[in-house]
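Note that the chains take the letters A, B, C and D in the order they are written out, and that residue 1 is the start of every chain.
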Amino acid sequence: MNRINKTFINKKNILSIYFTAGYPKLHDTISIIKELDNSGVDMIEIGLPFSDPLADGPTIQESSTIALSNGMNTNILFDQIKNLRSITELPIIIMGYLNPIIQYGIEEFCLKCKECEIDGLIVPDLPVDIYYEHYHDLFKNHNLQNMFLITPQTSEKRIRFIDKISNGFIYMVSSYSTTGAQKIFGDETIKYFKRINQMKLRSPLLVGFGISNKETRKVASINSDGVIIGSAYINMLTKHGIRQTKKFINKLKID
Amino acid sequence: MNRINKTFINKKNILSIYFTAGYPKLHDTISIIKELDNSGVDMIEIGLPFSDPLADGPTIQESSTIALSNGMNTNILFDQIKNLRSITELPIIIMGYLNPIIQYGIEEFCLKCKECEIDGLIVPDLPVDIYYEHYHDLFKNHNLQNMFLITPQTSEKRIRFIDKISNGFIYMVSSYSTTGAQKIFGDETIKYFKRINQMKLRSPLLVGFGISNKETRKVASINSDGVIIGSAYINMLTKHGIRQTKKFINKLKID
Amino acid sequence: MKTHNVNSKGFYGEFGGAFIPEMLYPNVEELRNNYLKISSSKSFKNEFNKLLKDYVGRPTPLYFAKRLSEKYNTRIYLKREDLCHTGAHKINNTIGQILLAKKLGKKRIIAETGAGQHGVATATVCALMGIKCIIYMGEIDIKRQAPNVARMKMLGAEVRPAISGSKTLKDATNEAIRDWINNPVNTHYIIGSVVGPHPYPDMVARFQSVIGEETIDQLQELENKSTPDYVIACVGGGSNAAGLFYPFLDNFDVKIICVEAAGKGIDTGESAATSILGKTGIIHGSKTLLMQSNDGQITEPYSISAGLDYPGIGPMHANLFKSKRGEFISITDQDAMKWGLILSQTEGIIPAIETSHAFAVLDKKKFKPNDIIVFNCSGRGDKDLDTYIEYFKL
Amino acid sequence: MKTHNVNSKGFYGEFGGAFIPEMLYPNVEELRNNYLKISSSKSFKNEFNKLLKDYVGRPTPLYFAKRLSEKYNTRIYLKREDLCHTGAHKINNTIGQILLAKKLGKKRIIAETGAGQHGVATATVCALMGIKCIIYMGEIDIKRQAPNVARMKMLGAEVRPAISGSKTLKDATNEAIRDWINNPVNTHYIIGSVVGPHPYPDMVARFQSVIGEETIDQLQELENKSTPDYVIACVGGGSNAAGLFYPFLDNFDVKIICVEAAGKGIDTGESAATSILGKTGIIHGSKTLLMQSNDGQITEPYSISAGLDYPGIGPMHANLFKSKRGEFISITDQDAMKWGLILSQTEGIIPAIETSHAFAVLDKKKFKPNDIIVFNCSGRGDKDLDTYIEYFKL
């Protein structure tokens, strides 16, 4: 069974952490993965940096710009993670925009992911219908699960369709927003969490975009299977460096 | 008989000198007239300065600007020349643009001229037809002769008409140009002098605009009754001052 | 019937005429003898109208300003001269005059300019026809209006600084006249407004009258009525006003409003409100109202808008004032600038500052809900951006 | 029959589509479901056409450039989009989109801008309709295009600097998309060219197609023939080109030429000639040709003209290139600047530098004496005066 599915069966209140590959330094990727694994997170998303990450907020945008100017690219990333599985057995997802993947060659990209034993992909600008029509089989053949996003605006019908074609989890965008850390969630957001939760989807739900601390994590986790944290972790890396990862994750622990 | 007519009867190769009232200094008017009288010129034109002397070149324009900023105006000029005839018996002409004369009141202006025993006027922007229709009688009643300009472009018919209504002299503009000193005359200009001369007009002819030295004076005088010098004299005033008037005039003497 | 048009001698009532030095007589006479004959010929009209259509972009729209009309509870139309090629009404006139100059065999064009709009319009038609072009512009205006100077140069014109007197528009006009005196045979002088000796005021008004003529047709289409209740325009020399008013001059159902620049205020000594501050006199060959000292020296006017910064007004307008056919209202810099912003933000049209003066009348006069008011939107504000930026600290 | 128009899925051949994050799906879906229905309704068409006529100043002339035609011994027409209100074709599209946004009940407008022309056109229609307007503009472009920034502010728009990435157009577009993600319900995003996710390329092309439609009528009147031999336009994103080409896309008698900015030269690394330097990829939600590094990072293009300084081209144009329906020619800064001067001095029209690129084709290709060539004169050069001044040391 796939590591992602296994994680959702075996664990509750999942904590998945996103970081941008190549940030703060070009060769931090493996050290960060080790630190995260050590700190007890449940899942890791490696961001493949893109020059124009239009679904992301300023924190991730900036880390991407720096990562690129550090020299990060697709080949280097795959090279860095080729021995990934000697380090961690956590589910690992690559998050990247479509253009760099196309330029690499989608088949080639999937093959490399398979070689590195990557578990899944999040490609924010790959639309559901195009995925379904063109890439579903390809991904499957390479043991890659593809995660889709839903937002407060996504219609019930569309959510049901996404649920049907999903085989990993559904990425629930917390609000109308690009990525970025928020302090608290408003009533509207909580209502939305509840509404989706009550749909009893077959896919597990992770809440992302705006989770920054224990409080937001708690609220999100009540109505989902867990959370994804990105900007808040990157801010931490910027301020305190890789070595403070464990401390950061500990502060996020809920009971 | 009028001083202007008398001059043309009694003298040949007339030399008439123009200066701007109020230049170089506000109260130079009488000194300049005395110097000119002393130097043996035949006629004097006093320029009443105007802010926008569009028939004049840069030299006279500039002297007018300075005269005005020295404080010269119509009242002051009349005040300066009220005892003119105790100084000189030369024919004296006022040259001025129409607007200041209108503002003074044309009748009032003529009256003042009469009181000061001015002999004539040159008003470059008073057109022949308007003069003839409105001001002919007024000027006559105040013993003022009005001088008209002709140019190389003026038609024969128009010259004949101007000749008919003139009672002083005709002011022959030497070329297509605003006032200003020239070094020599071209063939075209000489041809034009000859053409006009051969028309055998009843009015005497003075050539103005561009006379600057003995040579230009000579050429002009062969085909006319004399010349008017303005810019060249003003340039002299600027450079050498009033006291050098006699020397300047002497250099212009022709035999 | 009393007419407010020019008479056979070139006068509007007591104003107008051709008070020019003899050196200009042949040039002006040639024009006077030919302007009507040429401009009413069929071939001229065809060429003129074709260029107005295909090159200038006429007819310019008559635009119903919905939001402004609602705000002021009346019916406001804008005659969109700002959409003309080069950005103002000025080009209607320069197209007419360049065609006339060509028919008269002229090989060289001169013009004066203040704000630079007329200079650009002249340089433009000279480039179009491949005729040499010299523009006189006050040295101070050259500095103030750098973008228009650049435009003239791009168009191949020579820009000559007028360095005499106050170094602004009136001095540029003097220099242009001097040039014409010195080049009477091969040169045509394109005057930019309804000023100067006869036949200029009438000639320019006729070339600009297309503004009013189109308005009649457009009102007929839009309001089923060919006459407005008011026609309103700013007056520098008066050409955009003359163009709009022309077909309505003797139609007394149409009220005429001329808007002058009050500058910093009528009584401040820094103003250009000629009808109030001026007296009858002679300027640039025309008898008209002009601002002058007691002894007849022409005084330098002031307005934040370079195009209204002229010490005289055209003789037609002097006569409209004297006969009370036109109402004259003067607007300060401050109110004009404010209206530049209002028009921009209410209708999405950034007007020339000259034009803004006209709109400020909406705050000075009460109109009825059914009144049809046509404003001449004489030019666009691009040339004035620096002034707007500085004034509003944008 | 093979068509070069969009198919039902939003693709032009292999190009186009809507590669957008899920957060944008409802917004784009709402547009896709409504843009044709609304824009083909009678009331919309009436309102759109009325504004194009009375406000924008359409039809813009089709001007026969006599002196240029003589010089190049062929028949050259200029479609005068430079005469549109605000100075370029951009406003045709913003008028269409603001009306659409109103019908969709939107209360807030966002847009990206590079040179500022689209920003001004958007701010203009927002002022016209009284709708709140926010313009994203790269921090560097804000400095380069100060007059257009001032215009937007005069018009009441808020100009927000894009401070990420290269701080130019592509980053402003990213910021606008982010804003839209964050405000999906009350906001409409007015994209300024035929780029972005479906239905934008088709929607913008349709709003701009008035350019080509008018050309047909005007050629019929002027040449007694409704099709030209060539249609030529510059391509930044491609909207002015799309507008002119639209009715001719599937008429193979009409040859299509797209002119791209070669910048300092194709091989210098400072260029914006996307068709030559680009590869297929995804930018701003569309699959198209774009300039990118080997591993798919979008590279910053270069052109002296801010409006051609975009790393992609619209999917319609990518398809025209791929299918060879259109000929693509690229023009250097130097040639474009030279042609700005040539057009100014030969026809009295100072073109936008974008537009100048198109004309430079006259030196690259030989045309026959009877060829009818329509150039899209997409915009006026006022916004570029500083660049011209500096370049030519005027």
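Operating definition for what follows: contacts are C-beta pairs under 8 Å (C-beta built on N, C-alpha and C of every residue); 3 or more make two chains touch, one makes a residue touch a chain.
Values in this document were obtained by computation on a predicted structure and should not be read as measured data.
Chains in contact with chain A and with chain C: which ones?
In this structure, the chains that contact chain C and also chain A are D.
Rounded to a whole Å, what is the gap between the Cα centroids of chain A and chain D?
37
Approximately how many whole Å separate the CA-defined centres of chain A and chain B?
Measuring from centre to centre gives 97 Å for this pair.
Quick check: what residues of chain A touch more than one other chain, meaning two or more?
Expected reply: no residues.
If I count partner chains per residue in chain D, which residues reach a count of at least 2?
Not one residue of chain D touches more than one other chain, so the list is empty.
Can you tell me, using the touch rule above, whether these chains form a line, ring, star, complete graph or other shape?
Here the contact pattern is a line, an open path with two ends.
Hey, which chains are touching each other here?
A-D, B-C, C-D
Quick one: which bits of chain D touch chain A in the complex? Just the residue numbers, please.
Residues in contact with chain A: 17-23, 25-27, 164-165, 170-171, 174, 177-178, 181-185, 279-285, 290, 292, 294-299.
Under the definition above, what is the set of chain D residues touching chain C in their complex?
For this pair, the touching residues of chain D are 53-55, 57, 60-64, 67, 80, 82-85, 87, 123-128, 130, 146-147, 149-151, 153-156, 340-341, 344-350, 381-382, 385, 388-389, 392, 394.
For the complex, which residues does chain B have touching chain C?
50-55, 57-58, 61-62, 65, 68, 73-75, 97-104, 124-128, 130, 148-151, 153-155, 158, 173, 176-178
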